[in-house]
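Below you'll find a set of structures to go through.
In what follows, chain A forms one complex with chain B and a second complex with chain C.
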Partner chain A sequence: MSDIRVIGVAPVRRRRRRLPIGVAIALGVLALAVLAAAFGKLIFPDAMHQDILASTLPPGSPGHPLGTDELGRDILQMAVAGTASALVGPVIVAIGSMLLGVVMGTLAGYERGWLDTLISRWTDLLLAVPVLLAAIVVSGVMGGGYWVTVALLIVLFSPSDIRIVRAGVLEQSARPYIEAAQMLSLSRWRVMFRHILPNVTSLVVTNMMLNVAFALVAFSSLSFLGVGVAPGTADWGRQLTDGRAIMFQNPAAVFVPALLIVAVAVCVNLVGDWIGQRLSQVGEEVR
Partner chain B sequence: MSIADTRARASRLRPLGRMVAVRVLGVLGVLFVLSILVFAMMYLAPGDIVKNLLGNRPTNPDVIAAVREQYRLDDPVVIQYLSWLKGFVTGDLGMSIRLQQPVADAIGDRVGITLALCLLAFVVAVISAVPLGVRSAVKAGGWVDRTGNAMSILGLSAPTFAVGLLLLYVFAYYLPIFPVYGGGDGGVDTLRHLVLPAVTLALGLGAIIVKLTRTAMLRELESDYVTFARSRGLGERLVRRIALRNAAIPIVTGASLVLTFLVGGTVLAETTYALPGLGTLLQDSVLFKDIAVVQSLTLLVAVVIAAIALIADLTYILLDPRVRRQMGAAS
Partner chain C sequence: MTVLLSALTVLGPSGTMVEPIDAEIAPGATLALIGESGSGKTLTAKSIVGLLPRGFRATGAVSVAGQDLPVTRAGDDAAWRRARGRSVSLLLQDPFTSLTPVHRCGDQIAWTIEAAQGRRLTRGARRKAVEERLAEVNLPARVADAFPHELSGGMRQRVAIAAALASDPQLLIADEPTTALDASNQAEILDLLRRIQLERRLSVILISHDLGVVRGRTDQVLVMRDGKVVERGATAAVLAAPEHPYTRALIEADPVVAARTGARIAEESADGSAEVEALLVCERVTKAFGARTVLDAVDLSIAPGAIVGIVGESGSGKSTLARCIAGLEREDAGSIVLGGAALAAGRASRTPGQMQIVFQDPYSSLNPMMSIGAILAEALGVAGREASEVPTMLEMVGLPAEFARKRPAELSGGQRQRVAIARALAPEPRLLICDESVSALDVSVQADILALLARLRDELGIAILFISHDLAVVRMIADTVTVMWDGRVVEAGPCHEVLEHPAHEYTRLLVAAAMRENAVPADGKD
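After this line comes the complex of A and B, so read on.
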């Protein structure tokens, strides 16, 4: 596979050296977000410290460029400190659903037969489940807490991964190199995960990026509805929800975390789309 | 075997009536499994069942006995489930412990505003998104396409409530054109209260529909029959109309995607604008652990989704002349 690809890629690469400006900006924003996630709590360890005597300050107040909330917490500090919590959940969900999708999708696409039927029906069913509704009901009524929500979202996000992997595996299975591998009587697991899987990685990675964006939106929506992370945690969704009460005194309390959520989701989408486009073009050259 | 396989085989081998029956039975099967899960919610919720069902009403042995009697807690689980299901089917959904009124009444009071909101949002989304998707596909890579693409990425990335809060701040607070929250007093006033929530919802919906339309339209415009139609000198408008009719099939099939978004989005939009609809009812009931209401709403949503998906599927089969012809040949 890899040696076939080299032929097609050589001229393509030269053409695509230059990064589209939008994608470059998006990568920059994401790099900043990752830095904030890694070091945000170290820079502002007291971001969540409450001051009972304090009150809401509007943006532009001395010492608080974006103002404070009604507990005297600085909006900017909270936003930086909340990056980690806002990003970790979505990334875990995206990776988890990707792993689930890889295993189930590969099995369905390679083994076919009743297993394929079962898995395909299962994905059909899951696709019809409104993610938000299921998450509210399960974490709300059963009181599962944060990690139950994460597990639930992994399952509910997996159908797209399963379908994409399955389609990729189906397409690869028909190729000669798989026939060759089968004739060498390699074990089916070896064929599936050592030979086919590397060739569908690009599809998987693209979809994972998009899932990060959707999961980010889902998590913040759950926080907004009061079933997300615990109060007092530094988290964008939480900050936005708490800020609603003082929206008219200090709009930054709502719109700074909202803007951050939207910005990161848009950037992840842009980068994901770009990777997908690049890889699909490379794929077409090969065919 | 995917749906497509089932569909293809069914349409080849069986006459129409049989096929529809198979579809309906499949949907009923899924709903049956789901109803068991929803029923089990009562047992899965942490804490004592009787206590959960009573809420914070003062308890005494008589009340407890009444609840045990009402939910048949002393009978085997299967009997409990059947009597609960019978209640659901006949419209007896139990009592809401939070509102102290029958669940059916609570839902009946609020269903109108939610339906109006969804319908309004859907109409706004379709009217703006389908033409945009078509234009994007026709002039792929042009400025309309790029603007449309940017808008749809934004619409998919921006959480519904974030858009809602922004619109609320700008158009209800900064420029007081629309009311800040509430459901209004009915009629035109309610409509005025629904404008901002509907626009909020329509942005996310529209983003999905633009993407669906654009992809479907692009595929049709690249196909041979379009090239042929053009080469015969058919006007571009007519070509586009023919292509759109074919593109409509995948768009309608994507309805379930739109629907699942709409369900979640309604909850968020209603919460943002404090509309007294089913979404806020669900959210309040979940936070209060008002299980009877949550069960009823969950199952109701499932039934609605299943019904709409089924109708979309059937119209798709019935409206596609190719499928019809295949069926005619088979029967």
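After this line comes the complex of A and C, so read on.
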């Protein structure tokens, strides 16, 4: 086998493949979404302005290309203004749970022993909790709100990160280069975060991107159920709930936010997969 | 019945991988293909059995007993199904992965028998056929009911041979059939193959990087390098009087040849055991994993600047001893004293300046995400040395300074092992432990690394504990050798004494294996 590996390819093969078309489109969509999230409120400062006279206009009405809802709010403006709440929360949740996962997963995987047992049982416990139900209960008890939901989802999303990081760290810990680091009497923190962590980055980043998509859907679901954001806030999930009543008068009120949620979630997944693949090729053996 | 290769060529994605090969193998004769990693010998073998990887194809022709194999149609399973097994069979290197772990050995042999006969056998007939095949490879009938993991490496390879021969092929291709086995098993497997081959009048293509395997067991030899045949002829003639410089270099680098001629890489240092105080003394070191005792009261002593070899097969405890000395394992009992100071078990009581290890696998002993420069700078930093010494370290192990910018994936196995040695030397340890450090390398690279270690010992005065399963390698470099078997030291002494007058039965076996002495000579001349 080894013969094939060595003569089949040049010793160093830089993989500079062109950007796949699907990933290019996904990156474009995400770039637009980020722009809308950053500047949406500046472009449409009064997206949530109600205009009783313009109640439930169909798409194509003058001044309202996608029509309005029953309170006379412009669908397009609301969708653009809602991007911020749709992106910021999920990204913070994904990054937060990733950080939790990296710290706890690395400790569990490298230190083993009682710490591993403690952390692993804790993740088992969290995995047994249904995410949406817990969010609804906590919102009910604590009065809800966007940031309460963010904090809760960080905790509830962390088990998958912890498990994935732990598994990656366990696999790397058995490699001779880790023993070589131990032979140099390097501190355990240096071994964990300088030697092991870079070798599990691709796992961590791929999982983080997946979590952005999951969290986006979770947020929208919560808003749809009325426990995410406060009424009157620009938010896709909220828009979806409000639009249900006028689905037949103005279908855009429902389909626009729904399509946006699906499109962004799919694009995040595509880009996440691609980044993960790229990262896992860094330092990879040429085999 | 003759096997003919006519202008057999392998083409890969980036051009010709193996240039045209012509050869003729008589019934009962063996053709050896030798060469190092990348020489194209495995590709040649795969082209003959139609197992070339995607993107590769073969041209030319191979005929077995007058029938052409569909070598040019690598992906055509229908055509190959008729040829594989009946005409040609393949024996792979690693018996630990070439058998299916979830099926009993007898079933795996029976599949081949049934496939070759094109019909299902009755329970009784099947059992009888399997037992016959097992008997042919000197295995008891009960092996039929065993799963592969219940058998030793040598027994597994016998099962693999029985499975490969179950279809009664006319040509057997054996790809490094003994490389994954312990020295004591190697000779047995090779002799077994030779005996079966003579009985069956079977043509064999034996692929190996090991001249010792080829010597005396093959009739013709093709020496390959970079996809070209550089020398060919009768085995005995080629080995006795090589014409091509590459063949000569290959023979000179071969530890078995060295073992026969007594050539050494390191000067055997004067026996300093008399008055010099030992650098490292291990006394009654004992270690058990669960109920299994891996180290049973082992004593070992290393003089400053000495190269001490430890030989033994896998499971003999030699690596565990090294890991206890290094503190990577905690011994259960016994004492380890370095430079007069007793070391407690475990890594916490050790400093990097005491000892360092060079591991076996050059592919996983360097962090793939760090540059060579960063790896060495970190090791230098541990000893309070500056990163500016990185070029000096690289030069010391014979690598150019610009390697500092490269990542491990860009280096060859030998180059990586040099980096691993440089890393180990950075904290200026008093003892360097080489745990099978050259076992994964080609013979010529192996010789280079051994020469490097010998030079470092002479220049730095560092003591080296050199661990290997192959006495032929150990004797090229070690001053004294310790033979371990089943967790115990069975023999120890100056290298030449142990080799010339082995006292223990197991040592005699190792010495014979080191010389690759064989029971069934091929031609009586060797």
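To be clear about the criterion, the second predicted complex is superposed on the first by the 254 of 287 C-alpha atoms of A that agree within 3 Å, B and C clash if a C-alpha of one lies under 4 Å from a C-alpha of the other, contacts with A are read in each partner's own complex, and residues count from 1 in each chain.
Rule of thumb we're sticking to: a contact is a pair of C-beta atoms (placed from the backbone, for glycine too) under 8 Å apart; a residue touches a chain by one contact, two chains touch by 3 or more.
Only a predicted model underlies this, so the values are computations on that prediction, with no experimental measurement involved.
*Asks:* Does the superposition put A:V254 against chain B (first), chain C (second), both, or neither?
*Replies:* first
*Asks:* After the superposition on A, what does A:V169 contact: first (chain B), second (chain C), both or neither?
*Replies:* Neither chain B nor chain C is touched by A:V169.
*Asks:* Between chain B and chain C, whom does A:Y177 touch in the aligned arrangement: first, second, both, or neither?
*Replies:* second
*Asks:* Contacts for A:S185 in the overlay, against chain B (first) and chain C (second): which applies, first, second, both or neither?
*Replies:* Touch partner of A:S185: chain C, not chain B.
*Asks:* With the two structures laid over each other on chain A, which partner does A:A81 touch: chain B (first), chain C (second), both, or neither?
*Replies:* neither
*Asks:* Taking the superposition as given, does A:L57 touch the first partner, chain B, the second, chain C, both, or neither?
*Replies:* Touch partners of A:L57: none, neither chain B nor chain C.
*Asks:* Return the chain, chain B or chain C, that is in touch with more residues of chain A.
*Replies:* B
*Asks:* Could you say whether A:P198 touches chain B, chain C, both of them, or neither, answering first, second, both or neither?
*Replies:* second
*Asks:* Would you please give the residues of chain A that touch chain B in one complex and also touch chain C in the other complex?
*Replies:* Overlap of chain B and chain C footprints on chain A: empty.
*Asks:* Which of the residues in chain C come into contact with chain A in the complex?
*Replies:* Of all residues in chain C, those touching chain A are 12-14, 17, 37-43, 46, 53, 55-56, 93, 226-227, 326, 328, 347, 350-352, 355-357, 359-361, 363-370, 378-379, 382, 407-410, 412, 420, 423-424, 427.
*Asks:* Please give the residue numbers of chain A that touch chain B in the complex, ascending.
*Replies:* 116-117, 120, 124-125, 127-133, 136-137, 140-143, 213-214, 217, 220-221, 224-227, 240, 244, 247-248, 251, 254-255, 258, 261-262, 265-266, 268-270, 273
*Asks:* What residues of chain B sit close enough to touch chain A in their complex?
*Replies:* Answer in residue numbers: 1-3, 30, 41, 44-46, 153-154, 156-162, 165-166, 169, 173, 256-257, 259-261, 263-265, 267-268, 271, 282-283, 286-287, 289, 291, 294, 298, 301, 305-306, 309.
*Asks:* In the complex of these two chains, what residues of chain A are touching chain C?
*Replies:* 1-4, 6-12, 175-177, 179-186, 195, 198-199, 282-286
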